[in-house]
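Below, chain A partners chain B and then partners chain C, in two separate complexes.
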Partner chain A sequence: MAVIRDVMPAFELLQPSSVADAQHLLARYGSDGWVLAGGLDSFDWLKDRIKKPKAVIDLSGIHELKGIRSTADGIEIGAMTTLTEVAQNPVIKQKYSLLSQSAELVASPQIRNQGTIGGNVSQDTRCWYYRGGWPCYRAGGNICYADTPVARNREHAILEAERCVAVNPSDTAPALIALDAKFVIRTAKGERVVDAEGYYVAPDRDITRLTILQAGDLLTAIRIPSAWAGAEFYFEKVRDRNVWDFPLLNVASAMFTSGNTIDKIRIAVNAAAARPLRLKKVEDAVRGKQRSAETGEIAGKLSVQGAVPLQFNAYKIPLMRNLVKRSITGVANGGQEAAWAS
Partner chain B sequence: MPDPTDTRTTEHAAKKLSRRTFIKGVITSGIAVSSASYLFRASSVSGQGSSAAFGERLLTLSVNGQPRRVDVMKNETLAWTLRYKLGLTGTKLGCDRAECGSCTVLIDDVPHYACSVLTHTVRTRKVLTIEGLASPDGKLHPVQQGVVDEQGFQCAYCMPGFVMSAVGFLNTNPNPTRAQLAHGVSGNLCRCQDYDKILTSLMRGAEYMRRSGRA
Partner chain C sequence: MPSQADQHKPGAERKYGDKYKLIGKNYQTADLVAKVTGKAKYAEDFRVDGMLFCKLLLSPLPHARVKHIDARKALAIPGVKAILTADELPAPADSLTDLGTVIKANPRGERALTNEPLYQGEPVLAVAAVDELTAAEAIEALDVDFEPLPFVLDPLDSLRPGGPNPRVEGNIWVQAPPPPTKPGERPPSPPPPDVGELKWTKEDFAEADQGRMPMGKTRDEWSYGDVEQGFKNAALVLDESFVTPDTSHQTLETRSALAYWQNGKVYVHTGTQSTVQTVPALARWLHLDPSQVVLVSEYTGGGFGSKVTAAISAIIPALLSKKANAPVMMRISREEEHFIGRGRPSLLGRLKVGFAKDGRITALDMFVICNTGPYDAVGDAGAAGRIVSLLYQPAAMRWRGATIMTNTPPRGPQSAPGGMQGIVMMEPIMGKAARKLSLDQVAIRRINCPEGKAEFGPAQNGKRTHCTSSFIKDALDRGAEQFRWKERIANKPNQQGSKRRGLGVSVSCFFGGSTGYDGLFLVKPDGRIAIQSGIGNLGTESVIDCHRVVAEELGIPWEKCDLTWGNTSQNLPWTCVSGGSQTTHAMTRAAHAAAADARQKLQEIATKTLGGKPENYVVANERVFAKGGRGMTLAQAAQQAIKLGGKYDGHEAPDDVNKYTKASVAALAGQGLVAVAKDKYPHDGTSMSFVASFAEVEVDVETGKYHILDFLAYADVGTVLDPRALGGQVLGRSILGIGHAIGQKWVFDPHYGQMISRRFYQNKPPTILDLPVNMQWAALDIPDPETPVGARGIGEPPVGGGCASVLNALTDAVGDDVIRRAPVNADTILASLEAGRPAQDPLTAHI
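Then we have the complex of A and B:
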């Protein structure tokens, strides 16, 4: 697609200073309104003329959405807190370093300085057919351009594909699922708190959205309970370049062991499906087992059961098997020499 | 200049003009177009039907320590304002998609991609571009001096972005290892693939910064 080097088409810029004001504006503009957090996802849509909102509602002036607070049970992160702040916060580093690790691996320093945790977990898919404005299922049409004999689909889904084969690109989402985080959403009817897993939508439920956010809803905060504070964490992201790139696959795990036995564990992967996947079957299979290479093998094999490759993404199956295995054994297979071979 | 999209204005104006002044007007506006294409592009875009009143668009930005009065569209990025409204062309536009780093500026001392910031959102913040790094007496910033001394760049299109990223990073990490500094400026690309020399020159700049007590 041609790159347009001109200013974005005109829109009205609205800068509310409270969540209530933002909600009024969202209600007034309906589908003509666009929520702007850090803007790194938004500006691609607007600059490419794929989305043409009449009004952009900028949340950067709302102080109640910023900052990291300690609560009675854990911490609460405002949705407009930047990824740099999340990655560098001393409490998160000390107790929930899984989240700091994942935030530090997002995109580039400048993007982390501006991109927000709320935006990172709520961003849209990167499927270039969809983002290029093709009238695919996700855009309300009746075809998937990424799943045809000539389609380029190296980055697409191996699990849960249902007409649409796009994947969720967030790095922090699987970490938050592994930490059993809760997402706080402000709707027209009031506040709603959902599990991190429950925030995401598979295409068989709604093919046009990645999250449960409806028009007018705002994600206001993310709460991390203390239950997983100080657990053993593992995060790994595989991508083509060490900067900017979205994950080809990532994995996050949190684990408590006694001796060498796995007592409690949560594992999630992303970029395998249209939503970050919590691997509950794997968790159930390894709980109570020895933390060993054998257990890791079992976990890896179990994790890819039912995976269906497209023409160019079969590599993701052994990749996911190996990442899940490592997330149990806790040992990376050494930088460059990743064991991708099946 | 009358709004070209408003037919009432142009009809009304045409009636009032004599043939002679009309021709003169066409000639002058032709010159204006050819000599100030950036300005013309900006003004033609602003006529796209933004409902914003002029008053709301007139901002006072803090750029390089100076208050700058400037007329800014709501949909305008900071890179656009700096380059085409304020003439600060040291800030380069490479990809315009937050993927190359050549438009990096400091906003409240933190590196940002100016192509991906709406100018209206930095009204109350301090913007520092490559033009504002040197002292008023012309003495280069230590990082700039490091680049000069080590001849770090080839074509140097990416240089302002790299320097701004490095300055932002060194303000909070004054004594980095080479690997840490590489991570700090990893949001900038060099098309000449001159990374090794760039890092050498930025490390030299870091050293000068520590020596000058600016770090």
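Then we have the complex of A and C:
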């Protein structure tokens, strides 16, 4: 069969107005169903005719999945809340600005208006071999095209690669891990709440998916506990272009200090591996230490222990080292950067 | 000199055109409202009764032979109407030059469809169906048997001993010289080019492992002056390799086309840079007489050299329309555009440059390899040499080059083809030399840049060509003042935290004009002026701007002028192609000539009607009148022209205008005073435009990420015609160049021969947020002495400067050795700094 790309195929479009209806439809279609949030990830798959679902279940009409609510212990964000709303919400900006900063740096204004927080944390990898329809491990085949002696892999993994070297491209995911967020999942058996970091899977566990979501499951909300409200935050994303780009690497940290001593800290990076990585060893190493350049250096070096570069991504090792260092010292990269934040 | 206040205002607010009423003044072009409101109809906005849609099957392999096509299942799908394969295309046709010489068709040249795809993404066949979805499903239902053939993506791989060839026959075009012209006869037809093989020796590649560009034998070479002596006299000799990127043209309007047949004529709606000259191109591709082709192209969403006369793919819907007996729309997707939409060729270069103590270039030895893709050889390698020769005026120079075929998408001219790459290779060397010789960066460019009628390139028939004028020194001086260059150098901060500042300047130039085309307009009996524009509406506004000259010359209010453009059934004059930035120069000349013809005819009509001598009549204020005496309105004169007939109302056309113009004049005859003339103004030299570009960057050496903080382009383009449009071009094309510095690229998997950067987010054209907020431009507004209006083209000259000024600013910040290829991204900088400053994969164009 000959291949043609970039032509949207026909499919049934189903627009449920409740989570229960959506689950009902997902159960009916099983693996022939496709969950549509903002569409930024989905439409590429669909128009390239690589994923060919019979039915697309569009969540945009489900009100209970939208909006940001205060809860007894923090806030809850509906999975279908747009990234623009997340970036601009006053409570998030005031208490959990790590998340608003990360959301503000996703893609472009148009994409943030359309894209959702649930979609951003659940998106598939952008490995250009896999997205181009190459029959790789992740696509069910038995080769990784990005990890050959001549493969082009500047954007690929330096950590946790296991046959597949793709990375998770989400900007909000590491921020949510640093904030110790909980992801609320509706499954056929009922509601399940997992830690943000537990939402993601590495290729050694399941090479065909980036999250624990199974067919029929829906991410419905993200809860941020108040424990980290008002902490000192650091987020930095390094990308080729100043807008409309995935991260080459990003880092998120949340920290409480007393005097200059680090009392509590959580750090995560993304685009280094197939899942956003919480840097627990680094956290343990710097907790109780002075918040200093020296501690930053130690943290940076520790963070890249075990990193294995591919042909064209060795730069990610010093990049991660330096970003993790900055996430400790909090030396922002200057006001200048803010002028390009978009 | 710009005032203090000017320095902080966008350039468009500067005052230009002191001597004129219309020229140099901002105005609202006639197409503006339609463009900004979305009412403008581009090719794919048209809908015709019974219209079918077609989709293409693209080759999945970089080189293959189509062994068998089984279309039974596809054709059985309800709604599928026709299939078109390469076997049904007209054979490549010969063409005819203006001198009557037949240019033999290249039987190995590019066709619209092929049975031997030479690059991944090459169209193999097309299917027409009632809608696009059905056509796509038909493509998927095809069973096509491809036999894979050897392929090569990198010209250096092909040049290695025993390296693969992109074509069965070889890797290089071989053009036998044309037979000598016998006295009194037409130049004989040159034979079509042949494919040959060029391989280098193992020794030639000895330095490649150290990242130095290998230099084997080439087919083309020229030189002037004593190069060896020049190096001996030099105080400093630099020998540098540099690789420039392949970049798609990325026109936002893809090359979609709609075609249908009516009364023996084919109507084609498609984007093109050049309205009139697309007709003979389509006619040749379709084996039709030009009189059987009507092109509709009122608006074109970008060309940048990729749509000079539309695209050969436009014949696919025309042929399918004939076969299916229905109009056919071919909408080209972004995916398809990335393959068939053309690209700038990467140039791999090595330059040895000798400098005297004062920075003057004593000798330059330039070696370039051009990756042209699998079809016609682009001229970038040669143009790179000529532009470097003009822009840096080396006392002696040798150029060697070869254009190598590969199984990558076909290249085409892209804004300043070759010139841009030559400048980008040369500029970092200028920067390094200035640092080594302790010279100011502006000063070293100033001492080398051309002045006045500067000579360039090799001698032909014992004589070197020269430019019509160059005032680039003034542009450098004024630009340096406006950019506060000296102040910025003096106040450049040391590294702050992880941030380093860098300042860069670049000179830049490209061709800026041709001659010899026709102008045509009518003075209608109601006194209005009907101007016929054969220029393409490619976004530069030259389609309208050039005709301001008619109103200026005759003293007619612009509001009284009505413009016809974008449809070749509307009787347009023979017009230059809008490529090589020639339009502003060529068509202001043609407009000037037509205005002079109108003036003379008006004077003659007044004489015939009112008596007296023609030379005593003046044309002004919408009248022709004797000073202090009798006169008549233009409306009356037009009515009189119709009565007089003959040349006055177009029943006779001048002998020397193009036959295409003659046909248009004949069709317009009797409708008013017909002003028509060919540009025969004298012209000494080659028209070139120049730009001085300035940039400041800030690099974060811990991440490699950098920002462009400030940018200024100061242009020497002759008379400023339309400041807003000029500013759009100066900055827009600077941005095109900046894209080459900061990220735009093609990426292939070399093992599988597949392009893996197929979407905007992967091949990364620059966005508006990658640019400084307050980019500035200005122009000298010094008329070119070799053209009546003094205006030259500007589309292409800023491109090299946009790229090179940013690269120079980056090397100023992080050092000379970090950057050996473009684009430069965070990874390029960080990988080099981390590893002790060797350039990362210096000879690899695509990462």
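Heads up, the rule we're going with is that the second predicted complex is superposed on the first by the 325 of 342 C-alpha atoms of A that agree within 3 Å, B and C clash if a C-alpha of one lies under 4 Å from a C-alpha of the other, contacts with A are read in each partner's own complex, and residues count from 1 in each chain.
One rule holds for everything that comes next: a residue touches a chain if its C-beta (ideal position, glycine included) is under 8 Å from a C-beta of that chain, and two chains touch if they have at least 3 such contacts.
Note that this is a predicted model, so its numbers are computed, not measured.
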### Task
Would you check which partner chain A:9 touches, where first means chain B only, second means chain C only, and both and neither mean what they say?
both
### Task
In the overlay, answer first, second, both or neither for which of chain B and chain C A:40 touches.
first
### Message
Contacts for A:303 in the overlay, against chain B (first) and chain C (second): which applies, first, second, both or neither?
### Response
neither
### Query
For A:242, is the partner it touches chain B (first), chain C (second), both, or none of the two (neither)?
both
### Message
So in the superposed three-chain picture, is A:170 touching just chain B, just chain C, both, or none of them (first/second/both/neither)?
### Response
neither
### Message
Quick check for you: in the superposed arrangement, does A:152 touch first (chain B), second (chain C), both or neither?
### Response
second
### Summary
Between chain B and chain C, more residues of chain A are touched by C
### Message
Quick check on the superposed pair: does A:129 touch chain B, chain C, both, or neither? Answer first, second, both or neither.
### Response
second
### Query
Is there a shared patch on chain A that both chain B and chain C touch, and which residues make it up?
3, 5-10, 44, 108, 242-244
### chain B-facing residues of chain A, complex
3, 5-13, 15, 36, 39-40, 43-44, 46-47, 56, 58, 60-61, 84, 107-111, 113-114, 242-244
### List of chain C residues in touch with chain A within their complex
55-58, 60, 132-133, 136-137, 139-144, 333-336, 496-499, 698, 700, 702-705, 707, 709, 742-743, 747-752, 754, 756-762, 764, 766-770, 773, 825-827, 830-831, 834, 841, 846-847
### Query
If you look only at chain A, which of its residues touch chain C in the complex?
1-10, 44, 48-49, 108, 126, 128-129, 132, 145, 148, 150-152, 154, 236, 238-246, 248, 312-319, 322-323, 325-326, 331, 333-334, 336-337, 339-340, 342
### Query
In their complex, what parts of chain B are in touch with chain A?
41-42, 45-46, 48-52, 73-77, 80, 93, 95-99, 101, 104, 110-113, 116-118, 120-121, 165, 169, 183-187
